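There are two complexes below, and they share chain A, which is joined by chain B in the first and by chain C in the second.
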Partner chain A sequence: MKWSLTHGFTMTLSVSSETRARPSWLAEQANLIGLAAIIILFWVLFTSLAPGFVSSFNLFALSRSLAVDIVIGFSTMVVLATGGMNLAIGSIGVCAVMASGFLMQTIGLPIPVALALALLLGAFLGWLNGFVIVRSGVNSFIITLASASLFLGGMLILSKAQTFNALPPEIAAFGRMRWWGFVSPLLFVAIGLGVALIILFRFTALGREILAAGANARAAELSGVPVGRAIIIAHTLSGALAASAGLMLVFRLGAAMPSIGQDWLLPSFLAPVLGGTLLAGGYVSVVGTMLGALLVTTIRSGLLVMQIGNFWLQLFLGLILLFAVMLDRYRSVYAERRSLGRKNAGRRA
Partner chain B sequence: MTNNMTLGQRFLANEWSALAVAIAIGLVTLAVLSPAFLTEFNIYVMLRSFCVVLIVAFAQMLTLAVGQMNLSVGALGGLVAIAVGGMMEKWGFPVPVAVLCGLVIGAAGGLINGLLTVRTGINGFIITLATASAFTGINLGITESIPFYNLPASFVAFGTERFYALPYLLLPPVLIAIALAFFLARTVPGRQLLAVGGNPHAAELSGIPRDRVIVMAHTLSGLLAGAAAILAVAQLGSAQPSIGVDWLLMSFAAPIIGGAALTGGHISVAATALAVVLIVIIQNGMVLAKVDPYWVQFLLGALILAAVGLNRLRAVRAGGA
Partner chain C sequence: MRLTIEGIGKDFPGVTALDSVSFEILPGETHALMGENGAGKSTLIKIITGLYRPDRGRLLVDGQPVDFTSPRDAIAAGISAVHQERNLIPRFTVGENIMIERPPTRNGVIDFDKVHAEARKFLDMIDPSIDTRTEVRHLSVAQMQIVEIAKALSLEAQVLLLDEPTASITGHEADALFAVVRRLRDEGKAIVFVSHKLEEVMAISDRVTVLRDGRIAAAGEPIANMSRGKIVSAMIGREERVAEMGTRAVDRSKTVLEARSLATSFGHKDVSFELHKGEILGLYGLVGAGRTEVARALIGDGKVTAGELRLNGQSVTIPDVPTAIRRHKLGYISEDRKAEGLILTHPIRSNIAISVWRRIASKLGLITRAAERKVADPLVAKLEVKTPSIEQAVGKLSGGNQQKVSIAKWLAAGVEILIIDEPTVGIDIKTKTAIHELIGEITRGGVSVLLISSDMPEMITLADRILVMNDFTLVGTIENSRRYETMSREIMGFIHADAEAGHAATHG
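Right, the complex of A and B next:
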């Protein structure tokens, strides 16, 4: 009963007319190759227009923000896998950030302990989201919209919006560290998380369960998948990833700021959606999310180097997202036409 | 079943009963605790902040009615605000012309949202997330974050003048609320809107042009976002590019606290208005009690969760009875 209700909610909300079919292997590769081609195009464009784009300084800055964008994208991606949404990742991220600042600066805990506790806090807040969503059977959009406000408000009340800027010097030093002169080790942390997620979704029962819950909750429930548990775990994971992204920003800024996370909503959806992850759930592309994040970071960095500046950036990102989803839509319509016999193809949910 | 219920039970089963009780408790508590609460000026201040929030809530309510959402209310509002400000300050447009152009821009933005959603078949969430970014981008690109300050005196006066405790600013929202209630209850497009939200399949089978209704809901939503922005400009006395950045939570909070279902088809103008009253009272109480403003954020989240929980409880009870 509970599940049929939740399912009803997800249907109307996120499937309003998307095809739920998992893209074929070929279509998936085509999407990634297309994305990679667009990225290369932009790199060629920016390099020829502004040689400073490939300077080791800019590449280093790019690698640092890419790392954060990738992890923010992952954080949304794992929840999209279940067909849900998490609007609270910015708030969870900033809670973890401020907790880490408090633990390191005020309490004076060793860095690894503080970071681990901050990650735990993120996971706990994510778990809380998942728990309430599953128990109440209310749409994840509403729950996480409300919890985003709760978490952010709670953090601001506790921290009085004070920045922690006397963190141990090792933090900023790690953030400034460069490998081969132009790559931040943070990028490898992000890639490591990506590998872990690929393993999770490809090779573990848990990952398959999360995807099954997203593809068709009722069918999954009937075939013995603990759908509620899968959704709670996905949200917990999302919280932990949001916390990781926040902590990466602490390394980058060398301070724990209460303003972190407020502009995450758009990039968190951009990366997975550009990368082919379905909003309706049931399918994720980890590599696609990384490429999606790379495209966003490339454009942002390129516009900055060309001094077009932040003002028009928002417009470009919005148009690119629109363009990408429309392209994707027309591609799937085209694919449907070619396989006319497929039942339910194009039917609106 | 309805006939067997006592008056008290009927009151409890009503959507806005909990809201009315909460508002009454809030009013009495604040009136007792703070002598400043019931002064003419404070009531004026509260009514004034009520205006913009109410129309923002209506803007979201209309998309919720058809089972859609509009994440771009704030972004579109910001764009309309600076457009109206720019037209009056830089181009010297008369106030009515600028206001009209602003409303047209709002409706056009909503129309774009609706057409994109319907034509591409992509989830409205993603479409409006993208257009929100685009609208904000245009806003910032044009203004570079610099507000328009030199607005016509008559326009600014409209935002501040009052008749005892009643701000002139209250007039448009009240008219809009009445028009909206009439539209949803008594006109064909209004009924079609609710029908499509309630059950898209059934609506389509009974010959209602589903896509056209969704486009209409988005267009009206954009129009209202524009109206809210114009009022916000009058209220602030300047066209700030940052108008609208904090509308998103509020826009969902009020209709949902008022009992709107995200699945569509179920909205209430009166309950949404009451929810806005409650939000405004809470905000005002926080200010009077000199509490951290951050508590508003926290309480708003808690309020949404409480409302959702209450609605679920009521639905479960109704299902069981």
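Right, the complex of A and C next:
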């Protein structure tokens, strides 16, 4: 179930996951504080270079895309918790988007029913991923790589890649809604999901079981944790969150477009990894993921306001992911040294 | 070749790993190197093989000071090591692995005929039965060790270090290995033998050096002058204390677990036994005899394919581990604490409470830290887990304390039957006794224990009765008389008789 970006990396991660201690409370906070400091730095930078950055118009746009970035990050985070990956979040998201468009525009279902069904579809596709992963024992990277293409292909065939742009007007109206002149209510939806995830991972048996399965699946299994079930539920949740992110974009765009989700992969990893979630599984930081998403959104928005092209954005995000991964590696080495270093010197004998 | 270790010292930040260690390794001897975990054995081996450089002191080869800056220097000087972890390339053939350092070439390409011919020469010195054209991944662990030794010989090793060579091979294979060791010694090679197993050391070595806390506790003592007790007291600084087991009431009228002619997906045949209330039932066998697999089949981590399993008189089938734990109060402590037993990165608190998460959750399904601590705190205190805090990551605890946490997890779950697999593997002698006493203690509380161990003294200290397993079937049951000599002879008798019978059956 453990998989990471490359083979070389897999090795280092699996080694460190054995020896690595969970970051202490302070170390964890230090990471968050560091992240917050970087974010503030970027805000100061962008504001001084382009005062339009803090205009209520830009802040509103930023809050809308932040909401989406946070939820995309959560979608990947819940699977990282199990030590797995979900590369299909973009495809699941767009399937939910197109389903909602179809249900509202073609069938004419009431909005809440259509949205609920779209979320359900996302959850189902996530469940399908989890089920196949657990049943086949093949790692999640490969399964979700395949299902990403499968889901996307299925959606394109069924929808003929037609945009649904005659949605009920309430959709776009909600997307345009501003609180206090500069915040989209979507952001509060994302924060609400974050609170729910904090409760899940900190205080529920299910969340704890998902983390235990991620930290050491075999030990968890032998301790009576239904590991397969935990993994399937994590993927189901991931699917539902991906669908939520897709629907948020439907609100924002006022239309259900088949191109949604194609650029999710990078930010989906960036947010949790920057925030301190371990790629190897067993530890998540919900607040960290939100801050990570904020950093991504800030940079994207800042470059946009400064009218620096999209090409640069890709380059920047790539650099930041690389940096975040180095940070993950450094954290593990650091934790290893701290936990074992002194003792080891004598104990290795 | 004579290797002299002279006043070697090595410091790591905050700790002195070795301090003025001096002794000599002579040609034509098997020299045992012993010491508890943390005594400095590995550090010393790393210095001898050129992985570390000493901070103080020096190494001399035949009286000439040497300075190794890398393992290559040590190999060039004739010192090779066979480490605990295998250093062979699984997809390469035996011959390629042996000759990997300096493959013979012709016109710039590797001459494979010559590779195998050369490798054959060295293998023939120790074990002619291994084919040099076999890929290493098809070999047994014991055969891989032989290949590594052949590789060391091909490098013209005069001093050969064997680090825990018998840790993962069966008794028979160990006997074969010892024969090789004796032959090499008789040819004038020096063998440095690192092992935790006293019986082995007593049987095979000529002299023994014991390290304690980085210092020499016995330097090159002839084994004839040493008794088991003497070596142990050199290792731990005092006499070995045998666990105080106290009086334990085993109620033989109550059978809590009964296996009737079980066969399993692992290949067990006709396994029948009874475990009584409050009993410690030993399951002895050599590595690979199928003991751990019995445990796995019992807890639903493998399939029972025939026969009947009865718990408290009821016939049951256990489909998975959670069912074993929750419905049948049956728990299993793996021999591999790190990979299968504990979640090293998580705190002690949740490692103990994990088995009862579902039970301690509130009506809303929420688990609070306080609820977990209510379960874990008393157990940490009762089992005397030494830790600064219950929030400590389990990976930071010593092996003995990790084992206590494993046991605490099952006490928290309220198991009635506990299968304990190799409870003291990798745990030093001091803590071993505490774990033994703890196991006795939990049976006094009414828990019945199925104890799996390859450690004969441990088995004889703890078990009330001992089942002997060989080749996935039970070959005998013995009432434990606690007399080491007669018990070990009887147990080995069963195993050898079975092996003989098997041999006779296939060849006669």
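One rule holds in what follows: the second predicted complex is superposed on the first by the 309 of 349 C-alpha atoms of A that agree within 3 Å, B and C clash if a C-alpha of one lies under 4 Å from a C-alpha of the other, contacts with A are read in each partner's own complex, and residues count from 1 in each chain.
Here is the rule we use: contacts are C-beta pairs under 8 Å (C-beta built on N, C-alpha and C of every residue); 3 or more make two chains touch, one makes a residue touch a chain.
What you see is a predicted model; the values in this text were computed from it and never measured.
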With the two complexes superposed on chain A, say which partner A:106 touches: chain B (first), chain C (second), both, or neither. neither
Most chain A residues touched (candidates chain B, chain C): B
Quick check for you: in the superposed arrangement, does A:165 touch first (chain B), second (chain C), both or neither? neither
Quick check on the superposed pair: does A:206 touch chain B, chain C, both, or neither? Answer first, second, both or neither. second
Contacts of A:222 with chain B and chain C, given as first, second, both or neither: second
By the touch definition at the top of the document, which applies to A:279: first (chain B), second (chain C), both, or neither? first
Do chain B and chain C touch any of the same residues on chain A, and if so, which? 17-18, 348
Flag every residue of chain C that touches chain A in the complex, lowest number first. 12-17, 35, 37-44, 211, 214, 299, 301, 320-322, 324-326, 332, 334, 338-347, 350, 354-355, 357-358, 361, 365-368, 393, 395-396, 409, 413
Contact footprint of chain B on chain A as seen in their complex: 8-9, 12-18, 85, 132, 136-139, 141-143, 145-154, 156-157, 160-161, 265-266, 269, 273, 279, 310-319, 321-322, 325-326, 329, 348
Within their complex, chain A touches chain C through residues 17-22, 199, 203-206, 208-209, 211-212, 215-216, 218-226, 282-283, 339-349
If you look only at chain B, which of its residues touch chain A in the complex? 67-69, 116, 120-127, 129-138, 140-141, 144-145, 249, 252, 256, 262-264, 292, 294-302, 304-305, 308-309, 312
